[in-house]
Every structure is written in structure tokens, then in C-alpha cells.
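Which chain is which? They are A, B, C and D, in the order written, and residues in each are numbered from 1.
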Amino acid sequence: MCVKTTERSQEQKKKLLNRLNRIEGQVRGVKRMIEADAYCNDVLVQSAAVAKAIDAFNREVLKAHIHSCVTRDIRAGRDEVVDELVGTIEKLMR
Amino acid sequence: MCVKTTERSQEQKKKLLNRLNRIEGQVRGVKRMIEADAYCNDVLVQSAAVAKAIDAFNREVLKAHIHSCVTRDIRAGRDEVVDELVGTIEKLMR
Amino acid sequence: MCVKTTERSQEQKKKLLNRLNRIEGQVRGVKRMIEADAYCNDVLVQSAAVAKAIDAFNREVLKAHIHSCVTRDIRAGRDEVVDELVGTIEKLMR
Amino acid sequence: MCVKTTERSQEQKKKLLNRLNRIEGQVRGVKRMIEADAYCNDVLVQSAAVAKAIDAFNREVLKAHIHSCVTRDIRAGRDEVVDELVGTIEKLMR
């Protein structure tokens, strides 16, 4: 069922969790830099990398979402998924 | 000295660390959602918020950087800070 | 048929052309500024507005595309539209 | 004088005008596509390229601005240029 949960393959789940673990580690790294009074530009180089990593995660999930849930729902006539998708893409394109 | 470290006020430091703690909490929240097979779109709403939060952090640090280190270095004739700044802005504008 | 052409209502077509005419006018305005040696920051305020306007146009077309062609093609079993959409979103999220 | 006008070299001016002419041509191309009922995805591929081109123009002008006006003004003690720059970067990072 696609409306409340999404069944992901173990491989896909592991891949997404790995990405998130790396992002969490990067955020903690930036925290340590702020605590250690690191030079702003060095902080920015790291935190720009965090932004890139979260964007990549978002693209990955969006892709999987369109390929699985969106396609399935449209085929099943649950067209409300289309408005939902459009709203989410607007959030992501900020 | 601005080249290797940046002295931030206790208030500024606390504000930046609060932002990062919130971001770290949000990333962990997204991890729990993936572990619980949450619906892709619900994941995306949360992870889009993480992207927005890290962008806001980056803008905050960049602003402080330009106001303090960049201004100081240019005044002191350390013009290499300008190329560095331009490179960092390019990373952030991805 | 959705693969080669898209039939838009007169209203939708007019709306999109109005947006593009405004964008074209804005670009010409920026050109006149450069020709007149306008101050960089004044140029940037205008050209940032052009970027915003083209982003808004892109979101508008993407929304219409998902609502019409993508939905129709998925229903008709032409699933290649999904990969195409994902590729285009990646271009737009740059 | 940097406050109201910016003197650019003939070469730099020509380069910027070339970029803008190309962008104007691209926008007109997208208009022709809409007039000819072109397929949404084909429109999006072109209009995504316009967005990329205007972003590249903006980065170019911003870089030149920081290297010339901003540096000069800070050296001359006209620190209001810093707030102005920060405001413009926020507009560009949308």
C-alpha cells in the first residue's frame, strides 16, 4: 500500500540510511567546527557540502517516489497523488 | 586573527549551534521515517525542510563572514579573501 | 497526442506567452543597463528578478505537464514518460 | 565612481551583452515553442537551459562586483556596500 507507508527493498533502505548517516556525521562535523571557532570559510565549505548531500538525498527519494507510488496511484485512478507531487516538487525547487 | 579561526560572540555561537542541533534532530527524524517505511511523500516534506534549514544556516554564516572576516581582510590588504569568497558563493549557489 | 505536441487552452497559452514576453522585456532591460554602464548591484537586482521569473515559468509548465501529459501517458501504459519526467526534474533542481 | 555606474572594460561589456543576447534568443525560442504547441517536456528542456544561463550571468556579474566595487568601497570606508552585497546574495540564493 502506498498511501501511508512505502515498502522499500532492503538495498534501497540501506542506501538511503547510509546517505542520512553520512549527512548526520557531516552536520556533527560542522557543529564541532563552530565549537572550535573554525574560520567561517572553512565552515561554509563543509556546510555547502551538507546542502549538496541533502539535495542529492531528496532527488533520490523523489525519483523513487515517482517511479513507484505516483505511477501506481495514477494507474489505480488515485489522481490526488498528482497534486501532492506537484506541491512537493514546489517545496524542493525553492 | 581571521585566517585560521573566527571568534564569534557567545550569542552568535549559541545561535548557530542551536540551528545545527535542530538540523541534526531533523536528519535523525528522517532516518526514523525511512526505518519505519514511511510514505515517500511524507519523507520528502521533512527532508525538504532539512534542505531549507541548512540553506538558512549557510546564509547566516556567509553573512557573518562577509561582515567580519571579508571586510577586515580587504581593509588589511589581504585581497586573497575576495577570490576565496567568490569560490564559496559559487559552491553555495549550486 | 502528448508525445510530440501539447494542446494548451487559449487561456493557458496566453498566460505562458505573457510570462515569456515579460521575461524577454526584463532581459532587454538588463541589456540596456549593461550598455549604460549601470552599477553592478542595480544590474543584479534586475537579473535576480529574471531568474525568479524564469523559475516561476518552469514551475508552471512542469505542473501543467504532470497534470496532463504525465498522468495521461501513465494511464495509457506509456511508462517511458516517468524516466523523462525524472530527468527533467533533475535539470530543473540544478 | 562605483555608486551609480560601473565602468566595465569593452571586453567585459561585450561578454556580458553576448550572454544576454543569447538568453534573449533562448527566451524567444521558448515563445515560438509555446506558439507551436510544443510538447511540455521539450519546452522544459529549453527553459531549464534559460534558467541555467541567467544563473551563470548572475554569478559572472556578482563576481565582477565583489572584485571591483565591493573591494574598492570597503577600502574607501564605504561599508554600506557590505549590507547591500549581503542583501543581493540573499536574492540570488533564493
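To be clear about the criterion, contacts are C-beta pairs under 8 Å (C-beta built on N, C-alpha and C of every residue); 3 or more make two chains touch, one makes a residue touch a chain.
Model, not experiment: these values are computed from the prediction.
> Of all chains present, which has the mean Cα position farthest from that of chain C?
B
> How many degrees of rotation bring the Cα atoms of chain B onto the matching Cα atoms of chain D, given to the nearest 5?
So the angle, rounded to a multiple of 5, is 180 degrees.
> Find the geometric centre of each of chain A and chain C from their Cα atoms only, then give the gap between the two centres in Å, rounded to an integer.
Inter-chain centre distance comes to 24 Å.
> How many angstrom lie between the centres of chain B and chain C, each centre taken as the mean Cα position?
Each chain's C-alpha centroid was found; their separation is 30 Å.
> What positions in chain B touch 2 or more of the other chains?
Correct list: 55, 62, 85, 92, 94.
> When you draw the chains as points and link the ones that touch, which shape shows up: line, ring, star, complete, or other?
ring
> Got a list of which chains touch which?
A-B, A-C, B-D, C-D
> Within the complex, which stretch of chain A touches chain B?
Per the stated touch rule, the residues are 2-8, 13, 16-17, 20-21, 23-24, 27-28, 30-31, 34-41, 43-45, 47-48, 50-52, 54-55, 57-58, 61-62, 64-65, 68-69, 84-85, 88, 91-92, 94.
> Which of the residues in chain B come into contact with chain D in the complex?
55, 59, 62-63, 66-67, 70-71, 74-75, 79, 82, 85-86, 89-90, 92-93
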